[in-house]
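What follows is a set of structures for review.
In the two assemblies presented below, chain A is common to both, partnered first by chain B and then by chain C.
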Partner chain A sequence: MQFQVMFKKELLENWRNFKWIWVPIVFIILAIMDPITTYYLPRILETVGGLPEGAVFSIPMPSPAEAVGMSYAQIGSIGVLIVAVISMGTIAGEIRSGVYEMILSKPVSYANYIMSKFSAYSLIILLSLIVSMIASWYYVSLLFGDIAFSTVIVSAVFYTFYLLFILSITVVLNTLLKSPGLVAFLTIIIVIALNIITDIFSHVLTWSPLMVSNHTLAFLYDGSLTSELIGSVSLAIIFTALLLVVATMILQRRAFD
Partner chain B sequence: MSLITVDNLTKTYDKKDVVDHISFTLESGKCVALLGPNGAGKTTTLRMLAGFIKATEGTISFDEDELTKDFRKFVGYLPQFPVFHRWMSGFEFLVYVGQLADLSKKEAEERADELLELVNLKDFKKMRIGKYSGGMKQRLGIAQALIHRPKLIMLDEPVSALDPIGRREILNLMRELKKDATILFSTHILNDAEEVSDEIILLNNGKVIEKGNINDIHSEQETVTIHIAFSEDPKFVMERLKEIESVFQVTNERGEYQVSVHQLLIARKQLLDLFQKENWPLTKFEVAKTSLEDFFIKAVNK
Partner chain C sequence: MNLTADLELLKDLLPLIIPLVILHLILMTIALIDIRKIDETRGPKYIWVLISIFVSTIGPIIYFLLGRRQ
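== the complex of A and B ==
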């Protein structure tokens, strides 16, 4: 009951500050940008010119699966940044402004407070990713050839868990820091650091939540559900849940000055 | 009947006791002012009572035994600087916090309408809070504190930041609320405490230095000083003044006589009678304002 009330408030807030509109749009742009420019690149170069007479070059056309992979590459970098930016002030901003004190003076459970925020942003991220991948699928089928719609959508669902894991890192930082900007900055730093660690030890850390993106691409290429994909998605879910519990505990114990 | 008993409540920040072993009880139905200069620990005390921060030491017990786990259910709290979701309307915010305090949506809406009427914001029901003025926000803050019909209403500096009109409105509102709730409010303005409260708790440096019924404190302060000056000092003026029975001390400072008296009404009559009879050239006769102000300063400097 209380969760629903707070969840609805988050949805309404994100509607009034237009996050429900701009986040999906930006995701769509990210998803279709690379496949489209890649497709038109030879023609663009031809029109712009500047190449020496008789120069011949051939850019190999990517396969449809590779083209969809380009969408994920963009979302994996700039999309992650957007996840951090949209959620950076969700708790930290409320603590800083003082609204937090007003809300928490009512008998509100800390878990509901955290969960309502996490759920509301999860929904935006899931929706944005799904619509952007539908857009990607549409253009890729149009320009590069057929790829199964279901494969693309299932890959997007897997990928969502990767983004939710990042969202949970932002939520924890939200409970620790007062500055939204710092929350976003540190989230990015942590994701980069985790990526480097995962890359270095990639042979041991095949189930790392950060490997979800790699395994999703593999799924896209051959459509097989590997144990690595299932494993890393499961770990991503477990870590997300743990981080949310940690965030709740931090908020409960935090002494406010 | 006591509503809350606070025993040895302490809050320590960086090894400094911001609130230092304070104890008091709040009687049900009373309006109590938590009085003290800035930095005395008023806000910290209120925030602990609101269940918002945990005490380092000491206990707070409400009389409803089985409910003591979460005070927030029967405490309505107005922070010193109330901040709202700016994108909500006043009505939406009240319904929202009402639901957070376990009212059904319908109950919360009815209560929100009632309260907007009470705090005189009915016409701004649908306006975004971002457009509210300071005084309107303060009134909305009081409304949100009352939404779940709390047993105890705690207001942190409810009038300090307001202009005289806003201040008057809030004080009148508090007088209304006093009829059927217990109020604890903090202030550093003595007048406000005198105007609406039945009791005061005087805090300084985190300690309670005085508490009690406001009338008792007044009567302790019943000695009054009268400043008197003449265009030309009459003969034996000191002696003559001291002869009056209600006068117990006369001093002369810069040509002015400071006459301390016990009972103002009687003393004033006796003094004026004397001046008239003797035809002394009186130029100044002023009853100094001794009120809680002096008491406050004395107590704080102790």
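== the complex of A and C ==
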């Protein structure tokens, strides 16, 4: 009951600042930009570029699965940045402006407070990812050839857990820091650091939550559910849950001093 | 360059570009509505209006990320 009220407040707030509209649109643009430019690059060069007469070069056309992979590459870099930036002030900003004390002066549990925020942003991320992958599927099947709609949607669901893991990192940092800008900055630094570590030890850490993106691409290419994909997605979910518990505990500790 | 090749390319690109243009217009419109509704932006409002209109696609995004004062 209490959760529902707070969850609705978050949804309303994200509606008022248009996050429900602009985040999906930005994701769609990210997802379709690369397939389109790759497809038309040879012809654009031909028409625009001052290439010497008779210059022949062939740019290999990616397969449909590789083209969808390009969408994920964009979302994996700029999309992650956007996830960090939209959620950077969700708690830190409220602590700073005093809204936090106003809410917590009512009998509201910290867990509900964190969960309402996390769920509201999760919904935006899920919606954005699904919508953008539908757009990507549409363009790729127009330009590059057939790819199963179900494969793309299932891969998007897997990928969502990767983004939710990043969202939970942002939530924890939100409870620790007061400056929203610092939260976004540190989130990006942590994601980059984790990525480097996972890349270096990629033969050992096959179940690392950050490998979800790699395994999702493998799933796109051959459509087989590997144990690595299931493992890394499960670990991503577990880590997300743990980080949310940590965030709740940090807020409780903060209340005492 | 020959004009027919240009026109040909444009004709092929058009069905792909129109959705992008629509998305861009939606972004611009909601940014302008928001600038109108909001009490105060970070920095003068008219600058954000100019950025949202003239910096295509990225302008409204930058406004939503940086221009809103919470």
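Methods note: the second predicted complex is superposed on the first by the 254 of 257 C-alpha atoms of A that agree within 3 Å, B and C clash if a C-alpha of one lies under 4 Å from a C-alpha of the other, contacts with A are read in each partner's own complex, and residues count from 1 in each chain.
We take it that contacts are C-beta pairs under 8 Å (C-beta built on N, C-alpha and C of every residue); 3 or more make two chains touch, one makes a residue touch a chain.
Bear in mind the structure is a predicted one, so any value in this text is a computation, not a measurement.
> Examine A:104 and indicate which partner it touches, taking first as chain B and second as chain C; both and neither are also allowed.
A:104: touches chain B, not chain C.
> Which of the two partners, first being chain B and second being chain C, lies in contact with A:17: first, second, both, or neither?
both
> Just to be sure I read the superposition right, which of the two partners does A:200 touch: chain B = first, chain C = second, or both, or neither?
So A:200 meets neither chain B nor chain C here.
> For A:29, select first, second, both or neither according to whether it touches chain B, chain C, the two together, or no partner.
second
> Applying the touch criterion given at the start, work out whether A:41 contacts chain B, chain C, both or neither, answering first, second, both or neither.
neither
> So in the superposed three-chain picture, is A:241 touching just chain B, just chain C, both, or none of them (first/second/both/neither)?
A:241 contacts neither chain B nor chain C.
> Kindly classify A:230 by the partners it touches after superposition: chain B alone (first), chain C alone (second), both, or neither?
Touch partners of A:230: none, neither chain B nor chain C.
> Just chain B (first), just chain C (second), both, or neither: which does A:93 touch?
second
> Show me the chain A residues, by the header's touch rule, that chain B contacts in one structure and chain C contacts in the other.
Shared contact residues on chain A (touching chain B in one complex, chain C in the other): 17, 97.
> Spell out the part of chain A that touches chain B in their complex, as residue ranges.
Within the complex, chain A touches chain B at residues 1-2, 5-6, 9, 13, 16-17, 97-99, 101-108, 255-257.
> Which positions of chain A touch chain C when the two form their complex?
Within the complex, chain A touches chain C at residues 17-19, 21-22, 25-26, 28-29, 32, 36, 40, 43-44, 46-48, 85, 89, 93, 97, 135, 139, 142.
> Where on chain C is chain A touching in the complex?
1, 5-6, 9, 12-13, 16, 19-20, 23, 26-27, 30-31, 34, 57, 60-61, 64-65, 68, 70
> Touching residues of chain B toward chain A in the complex: what are they?
Contacts found on chain B: 13, 47, 50-54, 70, 72-73, 75-77, 79, 81-85, 87, 96-97, 99-102, 141, 144-145, 148.
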